[in-house]
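Given below, in the form of structure tokens, are the structures.
In the two complexes that follow, chain A is the common piece, with chain B as its partner first and chain C second.
For the complex of A and B:
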């Protein structure tokens, strides 16, 4: 029983982190219908920002999270303005944007490799190696903090979407782009800012994972399929769907990992992705997608 | 005239029209020039007799032939049918492993088993396509990445094929100046076969159906095309050429290991070469392959590192997608400036 609770706990904490990683992806898909294959590479850029701030200045990764977030927000807006905005009128929009994000991922992957080399790195603040005991249960502090902050950030995002005028505009654009435009929403501005927010969230989650996973530039290819499985399970473009998907799959993979070994825990996500596409391509909460 | 006869005439006329549409080709093609080029390529290994060391040019050319074969295989699914796969190097890997394991266990040369490796890749492609082709557009692209990841984990952990260390293969006993020549011809044959197949598909009813699918799948289906079967067949055929090329490449490298087949750069190269040259054209993959390999050579000779290579590939891909979405062949054709030597359709 303790074993099962232990696995559930680790799975749930990781689920929070995965949910934050996937939230930007699903937000961007919801508003712009862009499947951002470059999302994990932005997460890794965020991780590098906190890694270097920690190594050079000694700034704690949790404190450097806002810096990574703002930096990535700006980077996201630049990338969107330079590359994606002009595709809006393209006839093969969804196909073109997927390929473009793939190319962006490749470029940043190469750039990070040139700058920092393909070395595994991990930020190591003191709490990354400590643990708290809850009765018989063992909980690594790093993962615990990362999970808590992730959930708090998602809460803040939900509040932003629910209670601010700009949040209304984002949700309206997600539901129906044309209708939102007719009602006076500046869809172009909403797209730009949403892309920035999505990439900013990627940066924030990068800062958090920098002390719980080791990372290197090419690692993002593993994560893209993982994140895709979460948001496909929840229904593409649904924020709450992505959160539920993240918790579900994180817990399942924690069980798979502890019974069959950690290689197979990654496999859970990929096989889940296949199964969902096979059985219910629109995911748990989604409408049928094109 | 009865209704029945009326319908028959209409149907006959429509069939004739369809056949004419599918078979449309320009008069005065570039055949003679292409045959001259092919003959030159076939005679090229003779330079080894001059005594100089031409191994590196031979290597580059067989590398180019391999990518021509893989890219035009990819083009059958990605260009004609419009289903973009970023995981097609899985079939490259399967081809390499089938032939490699046969060579390592029974000593049968890959030249004999390459077609078999292609057929195995085709069978796997058929099964995978059966699942993943249920979704279209972006969801298909995601599923192809997932396929690549699944394959990587499986091959990295499959002890029978050596896990992530792979297996080394026996070397062919040849003097060093001739050692590349058999592979050169094998890759040349596969490349030419893939181009011929691509041409034949483009001018068949099957190819017309695939093009209809890439334009608008729902309309294609309501026009009576068995879209599901067409797509799966296109997937399997494209896997065949990629798998065959993998079989020869494995023996050429003298070892098989997941990280020579299942790296994202191979898949990215296939996609990029096809897009750069022109998706859905016969000549596009050749143009894209030659350009990209020339560019890569330049980059490696100037800067050396493979990481810069990835960066360069990515940037070229962004620029190509933004400014030449139809590729070089496609854009030139649209402007009516395509040289006849490149007009292979």
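For the complex of A and C:
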């Protein structure tokens, strides 16, 4: 029983982290219908920012998280303005944006490789090697902090979407772009800012994973598959869907990992993606696609 | 002085999508304050396109759009909305996963004064008690008739001068269609000028004061709705089949 609770707990904590990693991806897809294959590259950039701030000036990665978030928000806006905005009226929008995000992923991957080399890195604040005990249950402190902060950030994002005027505009544009425009929403501005927020969230999650997963420039290829499986399971573009998908798959993968070995825990996500696309391509919460 | 002057005058509009051919070629409509107007015409005539031009979604290549004595051609959709012209597009104008209340709030998106917006929402909920009852429900869970009620109620948040409805009765059962026209009469009673596009010409015209026949992107006829209903030539060309079927 303790075993099962232990696995559940680890799965749930990682689920929170995955949910934050996926939140920006699903937000951007929702508003702009861009499948941002470069999303995990931005997570890795966020991780490097926190890594270097810790290594060079000793700044705790949790404290540097806002810095990574703001830096990536700005980078997101620049990338959107330079690369994606001009495609907005293109007839081949979906094809073009997928290819472009792929190119962005390759370029940043290459750039990071040149700058920092293909070395595995991990930020190592003291809590990264400590553990918390909750009764009989044991949890690495790093994962515990990362999970809690991720969940808090998602809560803040949900509140922002639900209660602010700009949040209304984002949701409205996601659900019915033309109607939003007819009611006076500047959908171009909403797209730009949402892209920034999405990439900013990637940056924040990068800071948090920098002390729980080791990372190197090319690791994003592994993560895009993981993130795609979460957001497809939850229904593309649905934030709460992605959150539920993240918790479900993280818990399942924790069980798979503990019973069949950790090589299999990653397979959970790939297999899940494959199965969902075959059985229920619209995801758990999505409506049937025409 | 004429009995009622034109509130909106659309003349000789030429418009099309992107670099494509002109879909409208000499389309126009004279809209009189406080009256209900019905635009009829065959599928593909350009009825929806004409409303898109007036609402600023689609720029006109030529022609004029004059509202309240001022040209509004070339203005952005939100600028036209601010002047009091609301456009409800054909099908699915709602935000399906937002609640009824949130949909109404979006109707007043351009109003930044929160207290003012709350007052206006109350006013609309007053006029449509059903919407108050369903306040927390997602728009997609409403029945077809309730969805139309919400769509039309939502336009009221802005206290508009003109409401343009593109086929509000599309896909609704006949009993619900008559409810939709009840709401359109309610808009008229509030002094709002209404323009509707209607597939069922007989139903549309008999609920309107003025009619406008559009075909091949051109305005073929404009005048009192009952006149159009009785004109044998128009009956034959545009009402014939439907009138027989009805």
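Keep this in mind: the second predicted complex is superposed on the first by the 288 of 290 C-alpha atoms of A that agree within 3 Å, B and C clash if a C-alpha of one lies under 4 Å from a C-alpha of the other, contacts with A are read in each partner's own complex, and residues count from 1 in each chain.
Everything that follows uses one rule, which is that a residue touches a chain if its C-beta (ideal position, glycine included) is under 8 Å from a C-beta of that chain, and two chains touch if they have at least 3 such contacts.
The structure presented is a predicted model; accordingly, all values stated were derived computationally and were not measured.
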First, second, both or neither for A:94, with chain B first and chain C second: first
First, second, both or neither for A:277, with chain B first and chain C second: first
Partner chain(s) touched by A:225 [first = chain B, second = chain C, both, neither]: first
Touched partner set for A:184, first chain B, second chain C, both or neither: second
First (chain B), second (chain C), both or neither touched by A:140: neither
Superposed model, chain A: greater residue contact from chain B or chain C: B
First, second, both or neither for A:172, with chain B first and chain C second: second
For the chain C and chain A complex, residues of the former touching the latter: 55, 57, 77-78, 81-82, 87-89, 92-98, 102, 105-107, 109-110, 112
Partner chain A, residues of chain B touching it in the complex: 82, 84, 86, 131-132, 134-139, 141-143, 145-150, 153, 156-157, 264, 268, 271-272, 275, 305, 307-315, 317-318, 321-322, 325
Contacting residues of chain A [partner chain B, same complex]: 35, 37, 83, 86-87, 90, 92, 94-96, 98-100, 102-111, 113-114, 117-118, 217-218, 221-222, 224-225, 228-229, 232, 263-264, 266-267, 270-271, 273-274, 277-278, 281, 289-290
Contact footprint of chain C on chain A as seen in their complex: 165, 168-169, 171-172, 175-176, 178-186
